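Below you'll find the structure I mean.
Letters are used for the chains, namely A, B, C, D, E, F, G and H, taken in the order the chains are written, and counting of residues starts over at 1 for each.
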Amino acid sequence: MTWTVYLSGEIHTDWRDQIIAGARRLNLPIEFTSAVTDHAASDAAGDMLGPESSGYWRDHKSSRVNGIRTRTLLQKCDIAVVRFGDRYKQWNAAFDAGYCAALGKPYITLHDEDIVHPLKEVDASAMAWAETPAQVVEILNYVIHA
Amino acid sequence: MTWTVYLSGEIHTDWRDQIIAGARRLNLPIEFTSAVTDHAASDAAGDMLGPESSGYWRDHKSSRVNGIRTRTLLQKCDIAVVRFGDRYKQWNAAFDAGYCAALGKPYITLHDEDIVHPLKEVDASAMAWAETPAQVVEILNYVIHA
Amino acid sequence: MTWTVYLSGEIHTDWRDQIIAGARRLNLPIEFTSAVTDHAASDAAGDMLGPESSGYWRDHKSSRVNGIRTRTLLQKCDIAVVRFGDRYKQWNAAFDAGYCAALGKPYITLHDEDIVHPLKEVDASAMAWAETPAQVVEILNYVIHA
Amino acid sequence: MTWTVYLSGEIHTDWRDQIIAGARRLNLPIEFTSAVTDHAASDAAGDMLGPESSGYWRDHKSSRVNGIRTRTLLQKCDIAVVRFGDRYKQWNAAFDAGYCAALGKPYITLHDEDIVHPLKEVDASAMAWAETPAQVVEILNYVIHA
Amino acid sequence: MTWTVYLSGEIHTDWRDQIIAGARRLNLPIEFTSAVTDHAASDAAGDMLGPESSGYWRDHKSSRVNGIRTRTLLQKCDIAVVRFGDRYKQWNAAFDAGYCAALGKPYITLHDEDIVHPLKEVDASAMAWAETPAQVVEILNYVIHA
Amino acid sequence: MTWTVYLSGEIHTDWRDQIIAGARRLNLPIEFTSAVTDHAASDAAGDMLGPESSGYWRDHKSSRVNGIRTRTLLQKCDIAVVRFGDRYKQWNAAFDAGYCAALGKPYITLHDEDIVHPLKEVDASAMAWAETPAQVVEILNYVIHA
Amino acid sequence: MTWTVYLSGEIHTDWRDQIIAGARRLNLPIEFTSAVTDHAASDAAGDMLGPESSGYWRDHKSSRVNGIRTRTLLQKCDIAVVRFGDRYKQWNAAFDAGYCAALGKPYITLHDEDIVHPLKEVDASAMAWAETPAQVVEILNYVIHA
Amino acid sequence: MTWTVYLSGEIHTDWRDQIIAGARRLNLPIEFTSAVTDHAASDAAGDMLGPESSGYWRDHKSSRVNGIRTRTLLQKCDIAVVRFGDRYKQWNAAFDAGYCAALGKPYITLHDEDIVHPLKEVDASAMAWAETPAQVVEILNYVIHA
């Protein structure tokens, strides 16, 4: 059995690479999926359908094109890992967590201790809170192989 | 027919009161629901089940008690209004939006223009973006009475 | 028991009024619901959230505001009646029929015989095809009171 | 991961071939599915179960046989592309769009600009509106490979 | 709380009346629903939409009109009672039982002992098998009031 | 893509073999599934869990063991073919049809013309009515390959 | 809005009465529901359908009759309270908790501290763990009125 | 077709090994899954996320980590076998049974005769009750190969 793990959230650090490398080292049978993580490409996703003069509609159009990918991959994953960094709002990560919660899809949050309080609702619906990518790998290993 | 409208998000300004007052003025047949909006009471929701020494578990326990209310009311509402203010992370608001999106429940976002970009995924799944409580009332009036 | 019947489609003839009047004459316990049928108001539904320079986005914004109403009412109805007239494309009526089909919600089509062929897929998923509002009333009376 | 893309709508131009060829050129891992696109065969689908004297019932019988294929493939696809041409009513295309919308299945519309207004409800629930098959291919490439 | 009980199956004996009368005598808070039980009216349900020359299509058309009523009432009921008499095929009763089973809706079968073997699959998914209307009333009383 | 077709109903003639042989001849990519069709084995399915003195409970126990197989296979199939012969009650076939109808799973009925009237509700929810196994094969071929 | 609270589990102490009395004192708008709590009556629920010689089948028959009540009430409740006492296995209480968890229905466990470890899976899916009926009332009051 | 069978419950005897060995001997195409059955590892599942001073929260944290595995595997299985031994409370086994019941997932209970009465609700929703692992293997063989 292959597990599918969706990696949601922060795109400014290499947490995804660390988790993927850690899982490879352990030969975990995981297919990792993710939103488009190239910020500029993601913001421009709608541009291939023609330019927009309004920033709001450019964002809207790009977000909906990105949604074709993210909704499909979220619905297909077995587990999601949702990462909150120390910068930016990352409302899309919290949005993905809520989406998973409504689907009954288990997710793990990954964030530092200093944002525990504002993330309490997101954490309360999570199956686990990890502070490091290594812990996420450890959990995935346990969940799959223990 | 009575409509149920859930008011999610920011608790530091009086946007809920403005929407409720506006809807009353128009005699809209709406039952408004909401999470507990008394911040201290909400943070202490789990305390009635005994004290916790760890901040994380106090938050966890309180958030789950609050979840009894919020999940039930979100699932029962016809429409949600999700408010993002200019302070705080408000990840719970984005979480509620994702929860609604997964349930196919229509929601309206309410926020200023300067946070359009970080909210693009949340807005892209919304049925409307309003900048003022008065606009929300106008939409509710149109949706129900037009 | 009160039945809820959603009236979808054409807005240029008085078929809705005929069905409602016919049902009243028979004292049928029906609450009729419908999209906003004032064409200009419907096209302008998004304008209360600010003007748009692009026709496409004005349509998009208005259609999503209208969707708050139509999705909710479609999901709440027991039966839908979907009317196709002899003018205009009326793709929204066919869209509503597909929406009902996916939800397992029974619907009745109302249209003339000369458009039977292009409507064959829509009719094949319908529970009945009526040619006049009077027939729809007769069916509703039978379904509820027989 | 292989993606399944359902191609719905117009059967009088070669838009399906263009999309399939474009996707092949890029080696996209897509399985394309579709309703039966041979118009005469589709209209005659029910004839193998015996002849009908009434045109309505012949259409009905054929449409339901076709539905065995289309419902199954629509429910199995990851993404649908819904094409509206400049001729014919194509109510079945709008029906498929409504069906996808109710299932929360992402779809892309493909049509010229001059029918933006009558398609506004169908477009408002779409994740993207494309004007050319090449744009659809570009989106699929982005969604899968970006 | 009012309970809704759907009475499905045989229309040639007065079992429905016995159950309804028994429930009234005990003042049980039950709303009873049912398919149209006037055989001739039920067979002619489609005739109001125009005559058919083929017996098959007349049956088809009438059955779909009747389905508007039966599907809605089955989906709304809390409990179904499915009656099999000693004459006729009564495949529609077994169909209703299968429909309830798929929805997770509890049903009680009502039939004589001599048809236990051919009804074994239908009974195996039932919550109870009763031999007399009086037993059904006794169960309903227990379920609601005990 | 492989299709899964569940063959439900009559076990006294070789209609299953005819369909399977016909599909093989055309190399159709179909996996056929079915209930246990050995009548004695099916009636004795519960005996491996110990003997029963009551015929009713032996039937009940065997039917539930058989249900482990039939429910799973029905839920996994893409299409069901439901066969009614000219002997026996075959309520389990009608039960399976109702089960499919509630799941929105397309099914084809297979029966002679002389039982059209008692099967009208079962046929009205079917996607097609065939009179011979050859016609079923023809439909499957069309649905998959056309 | 009236809330429906299902009280599941132990029947040998008066915890249900304490919660109901506490809720009345606070005028909470709650309709309490429950399985049949008269042990002898519950064990005999199937006897009205005829006697059984086997203890297993008497239990089976009674449990399924009781299931008509419990499944319906569990599915209709907003919140469940699941009580584990210090005697007996109470597997039905844990069963109800699992049933709620699968439906996404929030539940509160009520039990002493000394059985925390064997209940860890049941508690981990609960929204709260209370040790006294008074705490349950306090939570219900907070959830409804805060 | 490969079947997936989830083995839930007691971890102190070798019933899992017996079933797996029996199925291998018959070459049954079954993938067996299970919760983590190493008691100490299971209790410590949350420790990799940091130590807890409270026993309750350690249990809670570990149970939720284990839930990532068990929920996913339960949702993916075709059949569950739920084992109750003669020691310990095994509330998690009853919880899993309730979870399966709500999902309409067939399960087989495996336990001695002397606990038939306290397990009556759990058994009443099961498709079969077996007393030995050999009987379970016999049923699986019948269900898959008969």
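Odds and ends about this structure:
Keep this in mind: a contact is a pair of C-beta atoms (placed from the backbone, for glycine too) under 8 Å apart; a residue touches a chain by one contact, two chains touch by 3 or more.
Owing to the predicted nature of the structure, the values given are computational and were not obtained by experimental measurement.
Contact with chain B and chain D alike is made by A, C. The pair from B-C, E-F or F-G that reproduces the interface of A-B, where over half of the contact pairs by residue number are the same, turns out to be E-F. Mean C-alpha position of chain C lies 44 Å from that of chain G. Centres computed as Cα averages put chain E at a distance of 37 Å from chain H.
Centres computed as Cα averages put chain A at a distance of 40 Å from chain C. Annotation for chain A: residues 64, 67, 104, 129 touch two or more other chains. Residues 31, 33, 36, 38, 41-42, 45-46, 48-50, 61, 64-65, 67-69, 71-72, 76 of chain F are the ones that touch chain H when the two sit in their complex.
Listing the residues of chain A that touch chain H in their complex gives 1, 3, 78-79, 104, 106, 108, 127-131, 135, 138-139, 142-144, 146.
By the touch criterion stated above, chain G contacts chain F in their complex at residues 52-54, 57.
Listing the residues of chain H that touch chain G in their complex gives 55-56, 59-60, 62-64, 66-67, 70, 84, 88-103, 113, 115-125, 129.
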